[in-house]
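Below: a set of structures, written as structure tokens.
Both complexes shown next keep chain A, but they swap its partner, so chain B is in the first and chain C is in the second.
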Partner chain A sequence: MTTTLQVGTALEPRTIGPITQTDIVRFAGAGGDFNPLHHDPEFAARAGFTAPIAMGQMQAGILAAALTDRVGVEHLRALEVRFVAPVEIGDVLTVTGTVTEVGDGVATLALAMTKADAATVVTGTASVGVPVTP
Partner chain B sequence: MPVNESFVGRTYPPTATYTVGREKIREFAAAVGATDPLHVDVEAARRAGYADVIAPPTFAVLISQLCDAQFVTDPEAGVDFSRVVHGEQSFDHQRPLVAGDEIVGVLTIESVRGAGGHTMVALRSDLHAVDTAGAPGALVCSTRSMLVIRGED
Partner chain C sequence: MAESLVGLVVDEVEYGVEEGKIREFARASFAEDPVHTDPSVAHARGLSAPAATATHVVVAGHHRDQRAFVARLGLDMTRIVVGSVRWEYDRPLLAGDRLTGRRVVIADETREGKRGGTMRLVTLETTYTDAEGQTPVRQREVLIERGAR
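So, the complex of A and B:
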């Protein structure tokens, strides 16, 4: 993989979904999060949701993968995510990212995950070691 | 006593040792759609200089949530889990987690503050490789979680 990260470089957007209950259950098992909010419709209804919602860590993982698959996972130094809105079953998610700064061998990227209606569900910042030409 | 500023700076004992598993890494990578061969292909990982396959960066939550649970289930903290919302999460990696790593997490409460009837608690989990004496050794990753404990409606 050869990737040059310069200020303004945009990651190729990655689109995932529509998110299914199966996707959420798969992450529950992989990530060890068995909060019933993410798989029990009655529990979710009592919490004020129309159906189970995805866990923030699932969104964080999908966001991270869209980045690391492009830059090489071994180059990621730091990742910070902010959970802005819940992800519901049926949502189609798009991850975008842009390099905002390069210096001292580290590129900083601004990341976002949006739904089909352009509403933001997650924002993030990542630091990646450069050059990323193994 | 509910969560208050007296918790700031509090550090909990190290978690039980968590062994990073090769198949767990593959399972986690599949669940987040991560396709880098270093997550699944042992030979590719070795060619890249690692002892085994390497984990996606947010795999660290598998260990840090064991740390966070120490706080959330602390009777003294009195946290109502049904009112906890995850606001932010960060990962600072010294190196990737690698299959075969033996890791312990050490939880520190970094800050507690009230905002609009809610309580915001910042938790830091330092994930250390276990040294030969079985104690926390080299730092591998630090994670930070911002939990929002919603006030009564």
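So, the complex of A and C:
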């Protein structure tokens, strides 16, 4: 995979959504997270939400894919995500990323996932191996 | 205060990385790179089989009993949120890999919450070992139990 990562290089932003109950159920089935908070409206209401919310791992998976589609999953050395706020049905999510550091053949990226109102739902950092420039 | 759980083995899971599960997971996370689904693309990039997506080990959820491990840690399920997750990779997981994941408590701390009540932060590390005894991926997750009100 050919890609150039230099300090300041930005990933092309990826926008996903509006998130549907079907998206959440699809991820639940893929990952095996059957916590009713993610599919049962009555349970979600008792937990204080207006509707079922997405599992944090869905946001993490979407964030990771936006990165690896660009840099190649085989070059990923580390990924860390912090969950800041829940994702609700109807949210439109945008993933952005910028290279903050390059050294010793590894690029560090700062990543974020925001909602349409610009509120951050996930922040992250990643380390990606980059070919050493001759 | 609850006794520290550092060193406790929370659970152990064993599963194969399946081509169909990789495809399912790639679709559920909106991944577009054909390296996850097309063996010829994987081969062209030096991989012997389609690569799993970066957070594929989340499928361990199928092999774990969430209620049982939360109870084992002495945490209240209704007050837990996952604060952060970190993955470290030696190589991508590939279709056909056979993994054993051993999850251990590596930190157990309490902190005073901003709005009163004591928060408990439990850090779990899962080390995944492949058939050759190598460790392609490690996952570290921080569970936060909010203070009882």
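Brief remarks on what is shown
Heads up, the rule we're going with is that the second predicted complex is superposed on the first by the 130 of 134 C-alpha atoms of A that agree within 3 Å, B and C clash if a C-alpha of one lies under 4 Å from a C-alpha of the other, contacts with A are read in each partner's own complex, and residues count from 1 in each chain.
Please note the rule applied: a residue touches a chain if its C-beta (ideal position, glycine included) is under 8 Å from a C-beta of that chain, and two chains touch if they have at least 3 such contacts.
If you're wondering where the values come from, they're calculated on a predicted model, not measured in any experiment.
Superposition of the two structures on chain A leads chain B and chain C into a clash. Look at A:G72: by the touch rule set out above, it reaches both chain B and chain C.
Residue contacts after overlaying the shared chain place A:A54 against neither chain B nor chain C.
After overlaying the two complexes on the shared chain, residue contacts for A:L109 are found with neither chain B nor chain C. After overlaying the two complexes on the shared chain, residue contacts for A:A64 are found with chain B and with chain C alike. When the two complexes are laid over each other on chain A, chain A has residues 14, 16, 23, 26-27, 29-33, 47, 56-58, 60-62, 64-66, 68-69, 72-74, 76-83 in contact with both chain B and chain C. Within the complex, the chain A residues that touch chain C are 1, 14, 16, 23, 26-27, 29-33, 35, 47, 56-58, 60-62, 64-69, 72-74, 76-83. Against chain A, the residues of chain B that register as touching in their complex are 24, 27-36, 38-39, 48, 50, 54, 56-58, 61-62, 65, 82, 86-93, 96. If you check the complex, the residues on chain A that touch chain B are 14, 16, 23, 26-27, 29-33, 47, 55-58, 60-62, 64-66, 68-69, 72-74, 76-83, 134. Remark: chain C residues 21, 24-33, 35-36, 45-47, 51-55, 58-64, 66, 78, 81-89, 91-92 touch chain A in the complex.
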